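Across the two complexes that follow, chain A remains constant while its partner is chain B and subsequently chain C.
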Partner chain A sequence: MSALAACQAVRIADRRTVGHSRVPTYVRGARGTVERVLREFLIPEDDAFGRPNGRRLTLYRVRFAARDLWPQYRGSASDEVQIEIYEHWLEPIEEEVKP
Partner chain B sequence: MQELNERTKLLHRPVNDVGGLPREPLNLTEHPMQPWEKRCHALLESLNARGVLTMEEKRRGIEDMGQTIYAALTYYEKWAMCAANALMTKGHFTPDELAERIAQVRRRFEEET
Partner chain C sequence: MSESHGHGAHAPIDARETPGEWEILEIAVRELAIAKGLITADDHRRLLEGIDGASPALGARVVARAWTDETYKKRLLADGSVAFELGIDNYDRTNLIVLENTPEVHNFVVCTLCSCYPRPILGLPPDWYKSPSYRSRAVRWPRVVLAEFGTVLPEDVSVRIHDSNADMRYLVMPMRPAGTDGWSEDQLAKLVTRDTMIGVTVPRVPLAPG
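Showing the complex of A and B:
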């Protein structure tokens, strides 16, 4: 069972990692919105080091407004970036979000 | 994210984590895959399917090559070099066995051409 649902506002953990993760630096600490819930997979932090029996967590598609990520962004205000991020990187933000 | 200084970036920012950084425009020209590149792709997919070397292990291996090699090698050259390193790390073959096999292939290639 996933902890978060579509349309949930989230903050990406501002966490520094060594070794391997699949969370780009430019979204760490950023605010995004769950676009959809995918399913559980072996997380990259374990998979990358040859741990097939490692942690399996829910993967989400998260969307970000391009202007939230890059204040100098010159493209359309509606441009967005979607990234697949695992649950242990997502902190729910308590607020009403329009779908 | 908090600004990282140049030294901590080396620890915390993989060489492929370049989103939002200033760069030359991407070269988007299409180019056909070489036969060895197709074989390389098929081999790595097969190793992944059998759990010998996963795609995530391969990605980590490529990130760990360092900026100089990462920038210099082509996409499948990185796959091949990473696969060799990872399979030796896991004990599937040794550096001298790999060198001997490469020498065999080179001799065969030179005989055929």
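Showing the complex of A and C:
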């Protein structure tokens, strides 16, 4: 069961990791919006250490306004970065969702 | 330097380099797996043949079919696995998402963490796709990077850069160029190159001679 739905505003956890994860540092701590809910996958933190029976969590696609990620961004206000994030990295936040 | 067999001078082809640590590890694990009967040498050879055999021509067929069949296109955009219906071997169980370029939105793809790429449908990624320069700059300066590939987009077209960082892989469906009415799927497929399906450029109709 996925905990979040499309259009939910989220913050990516600003967490330091030891070992492998698939969350690039440039999105840690950033605010974005769930674009779509994918399915469950074995999380990379367990997969990387050869734990095939490790945690399986829902993967989401999250979109960010390029201007929110990069304050100096030059380009269109509607330019976006989209990326996949696992549920344990997503913190739902109260925020007005842009249509 | 001999040029007697008909092509330009080059350094001698020398495959006698000492294998690196990882290469030795790969050989050792593979030979053990074969010796223990987990896989056969033919299984391994067949996998490599499949990996080397996949090419952007496969993706081009999928895009050309979508351009000519609206029902197929709708199914493909809703579920990327539809791409593999055309007899394409999904040898690594790629989970595919197809991204449609429109007059309003231009999509392109990068893997900032390594070189994730829809290999069963496009073959192996080009060297530039794996370069630290492309990987670090595509998410930060997408319009600059696109311009370096000769793709300059007006401000009113939104750029959507997809970081292929985890379990999904992405195929860009470029826009069908004007002036291709009545073209067959085979003719259309020739316009769909590797780079148009990564999204760093767009398909063009070659100018008629004369």
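By our rule, the second predicted complex is superposed on the first by the 96 of 99 C-alpha atoms of A that agree within 3 Å, B and C clash if a C-alpha of one lies under 4 Å from a C-alpha of the other, contacts with A are read in each partner's own complex, and residues count from 1 in each chain.
Operating definition for what follows: a residue touches a chain if its C-beta (ideal position, glycine included) is under 8 Å from a C-beta of that chain, and two chains touch if they have at least 3 such contacts.
Note that this is a predicted model, so its numbers are computed, not measured.
Student: Using the superposition on chain A described above, determine whether A:Tyr86 touches chain B (first), chain C (second), both, or neither.
Tutor: A:Tyr86 sits against chain C, while chain B stays out of touch.
Student: Going by the contact rule set out at the top, does A:Ala48 touch chain B (first), chain C (second), both, or neither?
Tutor: first
Student: Quick one: is A:Trp70 in contact with chain B, with chain C, with both, or with neither? Answer first, second, both or neither.
Tutor: Both chain B and chain C are touched by A:Trp70.
Student: After superposition on the shared chain, which partner residues are touched by A:Tyr26: those of chain B (first), chain C (second), both, or neither?
Tutor: both
Student: Touch check for A:Thr17: first (chain B), second (chain C), both, or neither?
Tutor: first
Student: Output the chain A positions appearing in both contact lists, the one against chain B and the one against chain C.
Tutor: 22, 24, 26, 44, 69-70
Student: So in the complex, the part of chain C that touches chain A is made up of which residues?
Tutor: Touching chain A from chain C are residues 95, 112-113, 139-140, 142-143, 155-168.
Student: For chain B, which residues count as touching chain A in their complex?
Tutor: Against chain A, the touching part of chain B is residues 1-2, 4, 8, 11-14, 17, 19-20, 51, 54, 56-57, 59-60, 63, 90.
Student: In their complex, what parts of chain A are in touch with chain B?
Tutor: Residue positions touching the partner: 14, 16-20, 22, 24-26, 28-29, 44, 47-50, 52, 69-70.
Student: Which residues of chain A touch chain C in their complex?
Tutor: Where chain A meets chain C, its residues are 22-24, 26, 38, 41, 44, 59, 61, 66, 69-70, 74-76, 78-86.
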